[in-house]
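Order of writing sets the labels: A, B, C, D and E. Residues in every chain begin at 1.
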Amino acid sequence: MVPRINSMNTVTKANTVTSKNTVTTEKEAFAGSPTIQTATPTEISQEQFALEILNLDSWYGDFQALHGVTIKIPRNQVTAFIGPSGCGKSTLLRWCNRMNDTIAIARASGTLRMGDTDLLSKSIDVVDLRRRVGIVFQKANPFPKSIFDNVAFGPRLHMKANRSELADLVEWSLRKAALWDEVKDRLNKPALGLSGGQQQRLCIARAIAVGPEVLLMDEPCSALDPASTLAIEDLMDELRTQYTIVIVTHNMQQASRCSDKTAFFFEGKVVEYGPTDRIFTNPENKQTEDYVSGRFG
Amino acid sequence: MPESSSQSNSDQRSTPELRGRAGRMLTEKWFSYLCVATATSSVAVLCWLLYSILSHGLPALSWTLLSNPPEPDPEQAGVRPAFFGTVWVCAMCGLMTLPIGIATAILLEEFPPKSKLGGWVYGLIQLNISNLAGVPSVVYGILGLTAFVSMFGLFERDQDSQSSGFELGVTYYNQFFSEGDRAILIPVENVDDKLSVVSEGMEAYTFARDADGATIVDYSKLVPTEINVITYDDPYPEDPAVLENTLFADAEAGRVSQKSWYYFQVPFGRGVLAGAMTLMLVILPVIIISSQEALRAVPSSLRAGALGLGATPWQVVRTVTLPAAIPGIMTGAILAMSRAIGETAPILIIAGIVYIRNAPQHLMDDFTVMPLQIYNWTSRPQEAFHDIAAGGIIILLAILLSFNAIAVLIRQKMQKPLS
Amino acid sequence: GCEPAAPTVADNSVSTSDTAGSGKKMPVAAEATSTETPVSTTANTELQGRVEIDGSSTVFPISEATASEFYKKFPNVTVNVGVSGTGGGFKRFTKGETDVSDASRPIKGEEFDAANESGVSFVELPVAYDGLTIVVHKDNDWVDHLTVDEIKTIFNADTAAKSWSEVRDGWPNKPIQIFAPGTDSGTFDYFMEVVAGKKGSLRADMSTSEDDNVLVTGVSGSPSAIGFFGVAYYEENKDKLKAVPVINPETGDAVSPESSTIESGEYAPFSRPLFIYINAKSLSRPEVKRFATFYIQNAPKMAEKTGYVALPADIYKMGLKNVRSRKTGTHYVNADGEKREGPVTEVFQATNLNTGK
Amino acid sequence: MNTPESTADLNDRVRSILAADRRSLRGVRIREIGVYAVLVLCGVFSLLITIAIVGVLLTETLNFFRSDEVTLSNFLGSGQWTPLLGSTKSFGIWALISGTMLVTVIAMAIALPLGLITAVYLSEYAPRKVRAVLKPVLEVLAGVPTVVYGFFALVTITPFLQWLHGGFNVFNATSGGIAVGILCLPTVCSLAEDALQAVPSSLRDGAYGLGGTRFDATVKVILPAALSGIISAFLLAIARAIGETMIVAIACGSRPQVTGDPRDEIQTMTGFMVQMAGGDVSNFGIEYYSMYAVAFTLFMITLSLTMIGNVVRRRYREAYE
Amino acid sequence: MVPRINSMNTVTKANTVTSKNTVTTEKEAFAGSPTIQTATPTEISQEQFALEILNLDSWYGDFQALHGVTIKIPRNQVTAFIGPSGCGKSTLLRWCNRMNDTIAIARASGTLRMGDTDLLSKSIDVVDLRRRVGIVFQKANPFPKSIFDNVAFGPRLHMKANRSELADLVEWSLRKAALWDEVKDRLNKPALGLSGGQQQRLCIARAIAVGPEVLLMDEPCSALDPASTLAIEDLMDELRTQYTIVIVTHNMQQASRCSDKTAFFFEGKVVEYGPTDRIFTNPENKQTEDYVSGRFG
């Protein structure tokens, strides 16, 4: 156990440095991204931000979970949301692809934009939205089907792909999720036979198989062991070249290792938002400082 | 709270004496004995019940009991028509109840109401289902009698008309019985026509015969035949071959019919369909509730996963929730069906006590079911009938136990962990 | 097979001879075929159809036994026998729902009217004698016999004896429990007419059931109980019950219900005929016709087998004739709608036939 | 497959796949609406059943009360139920209700204590292996058809009772009551066990952690905490006993009377309905309608019991929040 | 919210210092504790340790949850157990008052002594043991009864107290648990109406009402908000004068704030055990260092 933990620490540190330096240069390595047909080059130049959240309020029944949240999430970077439990991180995330629609008492007002699309409007097609904004949850939730069927689930819903196209797509997604080599010989085995970390990567593969532009991750590593966490962090690092990633985490170390920007939430408000380096080394706000230094929470 | 103590420091507090342990341990012991004794007596009751049935019924168990129709002589009596009646009624009941029940459960669990009014209606349906589950089955029997058997009296049968209100899947023949003891069948063109007068040259059929000369009673293999019509003045034919096709000119016909298994008429009468629909009322709430529980047991993370991939609600149900819930639903359904198999009161109300020798042939056929046959025999005073009743009970219990065993198997084998 | 029995019926070959439903047809030819052709001894699978029977529980054993025998000959004919009591059976029969109605009393005027109204005509057939048997528990050692008056004391609504000591001095002071057929029963009607007359009524605190088996179970389980039903149910349960001899009001003798006393009418006033009624329209169906004639031919045998008593052969003959010639109507209701009283041999005469409308 | 070139190929291919036409959302949406409509129809079906029950029972009951021979005061105020016999017909529903109540009381005197204590045993005391045997046994007991219990009552319990005490009738309330009690026992047991199991194990831990014995934990903490669940299990069992038909039809007899003597023959509401349907009357007349009036009364009684049960259960759900 | 958090930090820091200095002197203030009749003065002088755990192994079925654990828990101090999830902290705690008896498959071997009593022996009276060794769980578990009945529950089981004695005992316990002022006017109200923090303090009051010598706390604050956590920490600080306290916590800050000694568990073994100061500032073991500095877990 000991060596694994040590190696984890070293490797992630190295990664963090690399990725941060290469964010801008790697944007060009865009070919092969499924987002290319929806995000045309002109659009890219127009907007720097994948998601713009302006003054968003949100309620569960009478309880206000978010108070005037304003965050602009940059394209092709990793943005981390941190904050104590119950501060509204997940709520905000779940508005970004309208997963909150499944909660009858959830309401929101304010602006939540993706390009020109108002994500909060009634008329928006949530099915299409969710294809464009994928989500990965805290607990890996593979379907009780085969590995192949898990990844092919989304494409089957949305595309008129034939068998070989589907196979290509599954392979590609699993490769992207760094899972291909581990599962290529047992694609027809039940996904529930995979380990926790593999399951979580499978869920990521499943999410990218429908070609989303944004990938939301709600504490994707909190149920995983250190080695799997490491694998997921590496994966995020690779995916950021093609996807805009938003990650919620309770693990300060993780946030500082993996993200480009960090937002600190407290009681439904964004207390501080800025480049990760600054938030962790030189926070402007006393609360932020207390939190990131582990003095409360 | 005495005033003094609120001021006083905790240090001056006197400590009450500890209680003796012996008394508490004794209570503990006796209570555990009571529990064990009670649980044992519950099992003992079951054993007593089983013993009482087995001791009466095992000697009566025989192939005769399975294969014979009920007879006045207990030695010869059997449960065949009741057995097939049960099979028919329960199969029909399952076919109707499962889709409706599962659909209702899906509606309530997977399609949350979108508006206040919708929420109110859902609440009403949910409340209603839990109430329906508590309605005694005999009340359903009475409802079935009015709603299905007689259809609120809306379709009173016309005496002179041969047909009932509405029919489907039936071909009628006029049946004559020839002088040579053969059935001569003449197709009926118009159901409301009075019986025809026979004349030579009519389109007539007889049943085919196999190599041994035995009749094959099969309407699809009818053989066209020439009938020979005579009057009383004509000489009576001697030749058996001729006699077989000979009818007197004033011969009268009975209506017989070839009814497909799906023969359908309105009103249903005291037939299989009415029985099945009545049982449907009884087990529908059970199936809805157990399906709801099975659906609820599917982790919502799976739903969220599918929704997050852009699936519509029905796609979520079809591809994720329903497959995951199927073992649970099946288990519930099997248990509900075993309830249907054992139900007596509603069937008694629908069908009455009848002496039926044949297994039902179609949806509208008269029927009896195993429990009803058992009830019938139970209410006879002779010991011999009690014994065959117990034999019938053993058969019934064997069916039910195998149903339960299947349910347990499904629960254990098929129910994969979902997360 | 049923061939050898049926001693009182001369025309035991009807099963093949009546095929065309013609009364005019010569029995000669038929007789010749019936004894020799193999068709009559082996099962005939050609005949199809169904016969729907409902009604009296008293007649039920005969009908059930007949249906059972009939099935052996004609396996493709479905015969369903229900038990709703005579009255219940007539309610269905007069609406045309059933082909045959069992009855332990003749049809009543109002039932006849109902049948006429709905266009149902029928052939009336007496099938056996029954001795309406009054039974007590087999351990009951005090009831040696009962007079009609004592029976009235027990059963009448106005006297309604609570205990046996009220019935006759010296009998124990034990409560009387009564098990009686339901009000839809012909037996109930018959008993009420004898015991309470036209206007009176029987007491209300009796356990009633349309199923005579329940009555047997009841009486055989309660040492101080009394009950009544058709003799067949007593014959079947002789080991559990004791039949009470009834004092014949004319002769003053205590008479038990036995075949001889029932047949001779000595077992008065509780000796009575049993009937079946056959819907005339159904009778044109070969299977019903077959069943009807089969019923009559085998009635003596079946009656005896089930504990009843066969009627004089003439009555069966006449019944058969009525079936063949479709002589519909009842002999028991006169033109004014009144009930015609008397022994079956006197009432069941062609001259008494009331064909209705 | 694993060579870099093929991977590049794969990227190209996938790009074109992802760029290809999407499935028409319109078709999906139309199907969605169609499916929803079907589901709603099925959901509404259960409402229709209730409407039909109430409608049928109410109309025929009104027909019953429309008759001259029946008055509401006689129906609700009298204990004489003689629709078929006697010089004057009397329709006093109390004769039947009292029979039902007698049977129910006897049944519950058996089912409630036995069921509850067995549930406590299963939930708190039984070793896992015993539990693994006992639960299915009780499930089997719950699945046995009621005619079987009726048979058992008539053929075994009644002779046993008569052997104990000569005063028992062949048909008596006790025999049927005992059989109904045995029938309800698994219901009480499994529902009460569910309620006990639903008590969070943290409460158990709390009681043990304070030095409570099993008895203390069970009687002082778990039973009170599960009380409303247990009560609703009891109510359900009572409703079941009231509605039970075949056992009482076979074993309790057919003499409607107001009596407290458990050895006596009685008739319950359900028993009367079976007697009617078993052929005593068919389709006409006041006696026939009386069957509906009795059914309506029965329906109202069980309905109110389940309603109370629902209320109790709802309150119980909130208990640990 | 902001001032509260700040104050929390300052207050607890101050407390920690005070309490550590006064541990030995406050031992004398022992009179009036309900433990007095079982723990005689001679016993106190004999043993420095409330609990001695020597080479304890523990299994759940075939799974070994503890491997040769050896810890001596000092009297009237606060001992903290820390370590990643699943490392066996709760298991050890639950052996100390035999709560593991309720788990059919749990077994243990080794030595677990309280004074001269072998706590693992079959013949021991667990009912009395649990009275002497109280336990408070992660999630507050008040009985669905009134506040008074909750606190009086234990005394009613164990003592022949009359009404006024009971009332005294309840008041005393609630005062000790620093809850009296908040609930004295509603003793007959349901305990479930209290807030999470109050409920947890009620559970502590309930535990001390039977006069235990040792108080085990299994993550008592993990479900609580910062303010309630602060209140519980203050309370522990006060109780240490009379009770031996063992606390399991995931919160490193809490462990360092409140405890005198700390044991770090990893995969069923005690990796390091010593004075809290040393464990947090100068751990001997690399794993410990990684863990307390938040680098893994």
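The definition used in the following text is that contacts are C-beta pairs under 8 Å (C-beta built on N, C-alpha and C of every residue); 3 or more make two chains touch, one makes a residue touch a chain.
Computed from a predicted model, the values in this text were never measured in an experiment.
Between chain A and chain C, the least number of touching-chain steps is 2. Both chain C and chain E are touched by B, D. When chain centres are taken as C-alpha averages, the shortest distance to the whole-protein C-alpha average belongs to D. Each chain gets a centre from the mean of its Cα atoms; the one farthest from the centre of chain B is E.
A centroid comparison over C-alpha atoms places C as the chain most distant from chain A. By the count of C-beta pairs in contact, the leading chain pair is B-D. Between chain C and chain D, the centres computed from C-alpha atoms are 43 Å apart. Here the CA centre of chain A is 40 Å from the CA centre of chain E. Here the CA centre of chain B is 19 Å from the CA centre of chain D. For this pair, chain B with chain C, the centres built from the Cα atoms lie 35 Å apart. Along chain B, residues 24, 312, 315, 352-353, 379 each make contact with two or more other chains.
Residues of chain D found to touch two or more other chains are 28, 154, 213, 216, 278-279, 283. In chain C, the positions touching at least two other chains are 82-84, 211, 214, 217, 220. Every residue of chain B that touches chain A in the complex is listed here, in rising order: 112-113, 119, 299, 301-312, 315, 319-320, 323-324, 416-419.
Across the complex, chain D is touched by residues 82-85, 88, 91-92, 157-158, 177, 182-184, 200-211, 214, 217-218, 220-222 of chain C. On the side of chain C, the complex with chain B involves touching residues 16, 19-22, 24-26, 29, 37, 39, 44-49, 60-61, 64-65, 67-68, 71, 76, 78-84, 96, 118-120, 211, 213-214, 216-217, 220, 236-237, 240, 284-290, 306. Partner chain A is touched in their complex by these residues of chain D: 1, 7, 10-15, 17-23, 25, 28.
The part of chain D that touches chain C in the complex is made up of residues 80, 82, 84-87, 90, 154, 158, 162, 169-171, 253-255, 257, 265, 275, 278-284, 287.
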